[in-house]
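In what follows, chain A forms one complex with chain B and a second complex with chain C.
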Partner chain A sequence: MPPNGPERFCPGDKDRSKIAKSLRMKIKHKIEKGNRVGYLFVSPYIIFFLLFTAYPLIFSFVLIFHKWNIIGPMRWVGLDNFITLIHDALFWKSLANTFIFLVIHIPLQIVLALIAAEMLNQKMRLRVFFRGAFFLPVVISGVVVTILWQQFYSTDTGLFNALLTHIGLPRVPWLTSTKAAMPSIALMATWKNMGLYIVLFLAGLQGVPRYLYEAAEIDGAGKLQQFLKITIPAINPTVVLVVIISTIGGFSLFIEPYVMTQGGPLNSTMSCVLYIYKQAFTFYKMGYAAAFGFILAFIILGVVWVQRKVVETEVYT
Partner chain B sequence: MTGKIIKKWLFYIVLTGAAVTFIYPFLWMAAGSLKPEIEIPNFSLLSRNLSVNSYKVVLDKIPIIRAFFNSVLVATSVTASVLVFSSMVGYALSRLRFRGRELIFTVILFTMMIPFQLTLIPLYTLIVKFGWTDTYWALIVPYMINAFGILLFRQYFKAVPQDLIDAARVDGCGELRILFRIIWPLSVPALVTVGIIVFMMTWNEVLWPLIVVRKETIMTMPQMVTLFAVGGRVESQVGVKLAAAMMLTLPIVIVYLFFQRHFIASMATTGLKG
Partner chain C sequence: MTHTTKISGSFILVLFIIVQIFLGCGAKKSQEDGVVRLTYWCSSNQFEIELAQTVVREWNSAHPGVQVAFQPIPAGQSSEEVLLAAIVGKTTPDLCSNIWPGSVAQYVEAGVVVAVDTMPGFHEAVELRTPESLVKAYRSRDGHQYQIPWKTNPIMIECNLGLFREAGVESLPKTYSEFYEAAEKLVRDRDGDGYADQWAAYRDVKVDWWQRFFDFYTFYAAATDGKALLDGNRVAFNNAEAVEVFRFWSEGYRKGYLPNARFEGDAFLLEKYAMHITGPWNIAHTEKFKPEGFEYDFIPIPVPDGHKGPVYTYGDQKNIVIFSTTRHPGQAWEFARFLISKENDLKLLELCGQLPQRVSLLKDSTFADYFERNPMMRKFAAQVPYTVAVDNSPYIQEVFDAISQEYDAACIMGVKTPEQGIADAAKRSRTILSRG
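Presenting the complex of A and B:
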């Protein structure tokens, strides 16, 4: 609204209500127009959704019942893809590998990130610097991180084994033994993602009301007790979030084994997505790959659902 | 008193040690890309024989400069498109009234739950059907709108005062003008957040390019570096591998150093929405 001008521009009461009425009409008209504009504005999304979400969803449901090498015609095979999948040792192997990854990655991630976040949450200098340092690997491509760690993990020339032999321990075949390879990748992934979880935990910790700690202190609770009884329950939503994000990440594991081990040795680092990729783009079995993707999607949703049930608690704050 | 001081020192020593484990590897990579091959497998960051030889080999063997510009093209197109289209949808969902609005909102929430593994192969077959393999379209179009962006914009735009929008409407402003001239300038933090996340994700994406692009002239940088590291062309020269990795790292690290706070704040919001 313009500021009040000189006397002569001020409309009388009658005029004022007239203007107000016409204004209301104008706005109403615009709102009706908003209806059309609304559709216009969401139309790019509707097209996008139909093409790149709805169509693939529906087509996946067709593809899983077919054999198709993408060049020739599709052939209906019924449930064959699923029957083959159940008898495919590598399908189970890739799932088992993912679980090995998650069992190491998730607890390690939570413990380390929580400790780091708790430290950064103290009154301290250089917080921004430390946080920025921890976060650095998060922004850098997984390809780079993997190339780098491949050198560190090298059995003969790697820095880790140089360190171990230096303090008189035997070399570890980080990437060349079937037992160590997947845990090695899990360790690397923990290093890469920790910065993100530190930031999430830090946000969670800063949301815990101070008075809870003050009250606990008056009641004579020690630091450790405060951490276990106040902090842990209060940041439960963040823990749930971290568990879910790292689970989805674990099931999406691809570039790390692709660059580092190609799924070896003896398929011990064959991840689910790497297996789907190989079936689709090395053997051109689109139907089979789609069937694995289909089952995997339900496994992921199932696992996340169970995790929510188990980890999520009522928050007392 | 001394106990307190020792404790404080210990605190900073532990933190510094942790920070070193996160920074040192990248410094080692930078040093390794400049060192002669035999000196790479040691901890030292210094050498008397630094040279840019490894970089010369990379430039010689793969069109990495071209790949850099491909990545820039793809990442900026995707980011710009997400900002424009997602904010349009976010605006419609928060400030315009029309039938089916809540339905669309529910659909968007639903799409965020779909694991990408489910649609990956059918999406690839669609790209093949469109004849988009080995084109920029394949890298850009499937990422042009982003559900996370829509939700964030919707949330953010809700806080813009209605009076402002009404006043603009009375003045005869079209809705597009309102969005880009009034709402956008008031929503810089949201634009920065979505922009950074989308740019970073697109820049680092490697699975999708590996699937839809086989032609060297269209490849993005991470894809090319991946194939270079995995394929036989490196001839197991570690220095050359590290040089290629360095070239992939530098652009995003430079951006990160300038916008560190924004990067971290942005990623923190991604978590909060969950």
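Presenting the complex of A and C:
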């Protein structure tokens, strides 16, 4: 609708209503035409969204009620995929493994990234170099990093065990023991992703007003107190962001176990996404994999919701 | 013309061009000239591309009415994955020559391959060429043949003779106890740190289902004289021989004859272990990269003590299928026959160093000169009649996965007895087969 009516444009005309109507039609036509061009401009995204987000999502939803091996016809199985999942020991195992990974990875990552960010926020020599160096693993391909660490971790021929035996310590079966494999992967993933969270924390730290520290200093607060009472509460939004991003990333754990262990030994590194991948693209159980995918999406939603409730607080700056 | 009209006009033009490009990609060549055109997909390794190039060139010059265009299987994580995508998209070629027999049952179930036993001359071209046991193994459950046997890479053990000599092992092992005896001497701690750094043998400890082709399945074939894992839709591997194979590997890991580790690069040529389970493709590799003075030989897979008769092994076969999307199954069959002819089998040996699935390789004069020049390949050729393929079941990958999980538990990690491992693998396989 034209915002101000036609009166302002043609005062004194005898047949006001006719002209007004004609003007209204022209403006309406122009707006509609403008909209069409607008839609044309956003159409690449809309097409992309429909093809690669909406369609797969709807198709996956349909799949969860079907048995389908890609090349054969789909067969309706109702809720059978969910019933089989509930009775599948490996489904529960993969969930437990992913939670073990998250429990080690997220706190370790946050603590280390925060310490590194705090250090890199101080005035120091070669600060720019160190900031770049910490970020470097993030831009290196995940597969390359994983293959490299796999060699470091090798029980009999790896660098880590060579160093341990050199100083008289026993070898650690990093990837070949059920107890050590997932923590080893979590350690590697922490090293790989820490750079990104350091950058986020640095941005958060630089946003904390100086006067808060000055006031605290005048009141006699030490460095640790300042860190705990000012820095941590002030960067709470960054902490929430890091927790959520790393939780979602952690639930998507795939490349590391896929390249390093294929889920072994004894399925101790079988993550949810690796299990979904195996079901879908090794055994072509598309419906089963889609059902697990939907369950995983709801689990992530639930965990993130709880995290926001627990971690997020009002921030005073 | 307004500015916006110009923009939308250009946008529509660009869209039109893109659509035309996509449509153009799928366009079929004109058939108006009366020439039948076939598309043939070969493996993407450079030697097989060279072979395809040579064979197709010869065929095209001799058959102007049936022209073949070859193309390496498009890039993907595996041939199977690419073929599945092609089947779904109905863009399969007329025929393809790098088909793993284990995937054919699934193609048959989906009705995407042509039954080749109905083609003229099938008996002469296939049944007289291929070892009988393999022809039988490839037969589908409906009694038809959907795959044309092509090549095989029998699995054997490559031995580092230098390490054997150094360890004082005079003869290469033939049985489990000879293997252990040799292994005891071959394991060394060279740097004196209290840990072994040279082993008797090595196998990848990953649990990928196909890794079991090179340990459990090969040794199972040898121990059982080529028995199958399944009998129709029933589990057949729950037997004493399978338990013995599990025990063999379990002892190997427990006593430290094999490292519980993954090696990157070629640790065999770096002399980190003395026995390498591999196929004929490794001859060219060893010749190219071996250090100076490196001596090697190939031996059949060790068998349980007291075993008599020829030693069977896994053949790692690859076959040819004709897809039902073809409009010229007869011509595609004729080209496949040409591909498995004696002359082209010789080219497969010469250019690719791979063996045709042919019973009479060592007796046929066509190949005599080749084996004279390549004595190592003679050992693999002698194994061809005693190779086994995988079972013709759409669930065979899952069955291998079940075995692999239990192999991990019983052999590598030692948390189960071999008996328990095989019993659990059989139980899980039964569930898989019953669900199907």
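Keep this in mind: the second predicted complex is superposed on the first by the 283 of 317 C-alpha atoms of A that agree within 3 Å, B and C clash if a C-alpha of one lies under 4 Å from a C-alpha of the other, contacts with A are read in each partner's own complex, and residues count from 1 in each chain.
The definition used in the following text is that a contact is a pair of C-beta atoms (placed from the backbone, for glycine too) under 8 Å apart; a residue touches a chain by one contact, two chains touch by 3 or more.
Values in this document were obtained by computation on a predicted structure and should not be read as measured data.
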Combined model on chain A: chain C and chain B, fit or clash: clash
Chain B versus chain C as contact partner of A:Ile147, first or second or both or neither: both
Contacts of A:Pro173 with chain B and chain C, given as first, second, both or neither: second
Which superposed partner A:Phe82 touches (first chain B, second chain C, both, neither): neither
Which of chain B and chain C A:Met286 touches, first, second, both or neither: first
Partner chain(s) touched by A:Phe227 [first = chain B, second = chain C, both, neither]: neither
First, second, both or neither for A:Phe294, with chain B first and chain C second: first
Contacts of A:Tyr213 with chain B and chain C, given as first, second, both or neither: neither
Greater residue coverage of chain A in the superposed arrangement, chain B or chain C: B
Partner chain in contact with A:Thr261 - chain B first, chain C second, else both or neither: second
Which of chain B and chain C A:Tyr55 touches, first, second, both or neither: first
Stretch of chain C penetrating chain B in the combined three-chain arrangement, among 260-268, 278-286 or 368-376: 260-268
Residues of chain A contacting chain B in one complex and chain C in the other: 34, 36-37, 70, 147, 151, 154, 157-158, 262, 281
Footprint of chain A on chain B - complex, ascending: 11, 14-15, 18-19, 21-23, 25-26, 28-29, 32, 40-43, 85, 88-89, 91-93, 96-99, 101, 104, 107-108, 111, 113-126, 128, 141-142, 144-145, 150, 166-167, 169-170, 175, 200, 203-204, 206-207, 210-211, 222, 225-226, 229-230, 238, 241-242, 244-245, 248-249, 252-253, 256, 260-261, 263-264, 267-268, 271-272, 274
Contacting residues of chain C [partner chain A, same complex]: 4, 7-8, 11, 81, 84, 87-88, 106-107, 109-110, 112, 193-197, 205-209, 259-264, 267, 272, 394, 397-398, 401, 405, 408-409, 412-413, 415
Residue numbers on chain A that touch chain B, as the complex places them: 1, 23, 26-27, 30-31, 34-39, 41-42, 44-46, 48-49, 51-53, 55-57, 59-60, 63, 70, 116, 119-120, 122, 124, 128-144, 147-149, 151-152, 154, 157-159, 162, 191, 195-196, 199-200, 202-203, 238, 241, 244-245, 248, 251-252, 254-255, 258-259, 262, 272-273, 276-277, 280-281, 286, 289-290, 293-294, 296-297, 300-301
Chain A to chain C touching residues, read off their complex: 33-34, 36-37, 40, 69-72, 147, 150-151, 154-158, 165, 171, 173, 175-176, 178, 261-267, 281-284
